[in-house]
Structures are given as C-alpha cells and as structure tokens.
Amino acid sequence: MSAVADRLAALGLSVPPVATPVASYVPALAHGGFVFTSGQLPFVDGVLVATGKVGGEVGAEEAYELARTAALNAVAAVGSVVDLDDVVQVVKVGVFVASASGFTGQPGVANGASDLLAAAFGEAGQHARSAVGVAELPLGSPVEVELQVAVRA
Amino acid sequence: MSAVADRLAALGLSVPPVATPVASYVPALAHGGFVFTSGQLPFVDGVLVATGKVGGEVGAEEAYELARTAALNAVAAVGSVVDLDDVVQVVKVGVFVASASGFTGQPGVANGASDLLAAAFGEAGQHARSAVGVAELPLGSPVEVELQVAVRA
Amino acid sequence: MSAVADRLAALGLSVPPVATPVASYVPALAHGGFVFTSGQLPFVDGVLVATGKVGGEVGAEEAYELARTAALNAVAAVGSVVDLDDVVQVVKVGVFVASASGFTGQPGVANGASDLLAAAFGEAGQHARSAVGVAELPLGSPVEVELQVAVRA
C-alpha cells in the first residue's frame, strides 16, 4: 500500500476513481517533471454533492468540506497519470470559490484543500496557493480546485 | 508549410498576427522548456468581435466560437516566440468566461478552446484545463484563454 | 546591496517583510528552477490598505497603486525562498481584480503589477500576464497578484 494511500486511509479516505472529461482535455497531464490537473469539482460517486454560492446557499464550513473533496479528486487525477508516491512536492494550488456578494472568506474555504494535501503528502504537501471568489462555476459547483505538482524524474 | 499551419488550414484557419500589448508584458514568454501566454481575447483583425456576458447578451454557442478564436490567438502568441512545430505538448489551458448570473455552462464554452487545440496540435494538443465563470473581463470580452505549452529543448 | 533592492530603492521602495499564512500553505515555493508565489494582497505593515470593488468604491488609479503594492509583496514572497538577484525571468503574472459590475479596465489595473516588476527586474521582469475581473477576493481586497518566476539553477 502506498504511503499516500496509507495517510488518506488514516483519515478514512481513499483515492476515488477519476471522472473522464467528455471533451478534448484530460483530468491530469504529466510533462517535464510536473503534473498539471484540470480544475476538479466536489464529485462523490459521480454526483456533484452541492451547488450554489458560498456565503449564500452554501455555508463556509460546508464549503471547506467541499474544497477538501475537490482536492481529493485532484489527488486522484494526479494518481491517474503518475504513482502518487512519486510526488515530491505540491507546488501550486488554485482554489476558485463561487461567492455570493460580500463573501470574503475564500482563504478559510481553500484551507479545506490545503489541509487535505498536507494530510496526504506530509512535507511534500506544502504549496503556494491562490484563492479567489468567482461569479459562477461549472454545473453550479461551489468550489473548483486545480493542482500543479512536481514528480520524481 | 508547418504541420500545425497545415492542420489549421484544413479548417480554413490561419495563424493570425499577434497584437502587441501596450504595457510591460508580452503576448508570450518562453523559458525552461515551456511557453506561457498572456490571457488572449477573441480579437479578429484587431477588433474584439463580441462583448457581454455569456448566458446574457452572448449565447453559449457563440461563446464556444469566441473561445475558439481566443485560443487561435493564443496559438499565434506561442508562435511569436517559438516555432509552432516545436510544441511537444499543450500542458495547461485556462478559460475564463464572463458569466451572467446563473450561467454554469463554462465547460461547453471552454470546449471551443480545447477543440481548436486538438485540431491544431493533434495528440500534442491534449491538455489539463480549468474553466471558471468570472465577473468581468478586459474590454467587456466574453472569454479569455491562456496557455502553457511544452516545447522541444 | 542587491541589484533588485537597488532598483526598488531608486523608486523609494524596499522589499517588505513577508506575512506568514496561518494555514498549510506558504508565501512562495521553489522547485525545479521556478518559484511560485501564493496570491498576494495589498498589505502594508500588516494592514490591508483598501477594500471594495474596483469601479465601485475603489477607483482605477487607486487600484493601479494597489496592484503595485501587491506585486511588491509577491516580490518579497519570492525573496523569502531565493535570492532576488537569482531571478532570471518573471514568466507569468496573474492579476485578479475584484470588479464592480461593468468595470472592464482590468488591464490598466494590472499594469501596476507589471510596471513594478519591470522596475524591479529590468529585462528579466518581462512576463506573460492574465488579468481577470472576479466577484470577490479574500478579506474584501480589491486586487490579488500571483507570480511564477524562473531562477538560476
């Protein structure tokens, strides 16, 4: 069992299957020592588990959990193209939060992604991050998470 | 004639001239085996071909075409700093869609960019992608497309 | 004294201290010849110097200055992980502008970041850039700036 899978299992989590995009793009792409993921939504078993704006229909604590779920899907996307134990560093995380007018707590939401990555990768999970509040996300998702990670050559 | 130019010609397209930004930035920059483009708008012959919000004044099908045009301009930006036939992989595509309230069809719009890249680069055109709905874009553009591509060393 | 510090001093600027994020992420991360910064806000001496939407409570000229301040903080973040004189190229700049409805002057705002980078790094400060107008930013900030720079191996 891999070290990353072990760490996730300790949280009661496992790496989910990866949804195949119905288009000319891929869940993740490896090149030049990096893996880039597509923006990932909080799908669980093929179902988007919430819709709506954070600060509106969706509370900040629920959004933290959704960011964690989206980040787990992003980890799965990385694992679809490389061995997760070959990740040497998560370098950059982008968290897009569909935000109701006046909601400015994007960092607290994005911590759901950051905390999951720390749990999954340990020291290698430290990363730079941008968190922004956007107008709308695909399918009405409250959050979207993208990763760039460095992998063993 | 280059392979990329050939593929575009088969669609009745050619690589357009690149607009020079009036600022301290450049349309594209090559470094370390990658080319990064600036965010590109759907300009044709120096004219922004539409303005407004997608899901509002601009329909989803029109927006697909606009994303295709912006992606073609991004390809041109890449071609302004490297030979397009030296592109070995499009690695990451960012598509920003100026979205009217309640419009959640960003992936369908972004497919305009993804499909153009697949047509232009074939297998090398496969990429990871993030599509988000933003509040406003420069000059009122409905879409903005940015690329990161890997090039032959 | 470093060349970058010299150039900033000529503008009456110095590299500020870096705020430590209270989370599982870091202000900047160096890997594989690149440094990635987290999204930076216009903090001065630990205080966010303005809040509100650009085109609304915040004017475009003020926002230019705020983007300059956020970019200076991003330079400081780079300097927290590498020697700033080892920066060989700023490759990509992302500027997020919290935009009031109908405000489409994001490029003019983003020039505040671009001009600061040109002043700080000279030729090495040229970069590709995306500027987008978002719905909300952390803490109500009007702007957020992120950098990817290449560094001497």
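Per-chain numbering from 1; labels A, B and C assigned in written order.
By definition in this document, a residue touches a chain if its C-beta (ideal position, glycine included) is under 8 Å from a C-beta of that chain, and two chains touch if they have at least 3 such contacts.
Remember, it's a predicted structure, so these values are computed and weren't measured experimentally.
Asker: Taking all residue numbers at the chain A/chain C interface, are over half used by both copies (same) or under half (different)?
Answerer: Both copies touch with mostly different residues.
Asker: What angle of turn lays chain A on top of chain B when you fit their CA atoms, given in steps of 5 degrees?
Answerer: With C-alpha atoms aligned, the rotation comes to 120 degrees.
Asker: Suppose each chain is reduced to the average of its Cα coordinates; what separation in Å results between chain A and chain C?
Answerer: 24
Asker: Spell out, as numbers or ranges, the residues of chain A touching 2 or more other chains.
Answerer: 34, 134-135, 148
Asker: Quick check on the complex: what are the chain A residues that touch chain C?
Answerer: The touching residues are 33-34, 88-89, 91-93, 97, 99, 101-107, 110-111, 114-115, 117-118, 125-135, 148, 150.
Asker: In the complex formed with chain C, which residues of chain B make contact?
Answerer: Residue positions touching the partner: 21, 23-29, 31-32, 34, 36-39, 94, 96, 98, 134-141, 144, 146, 148.
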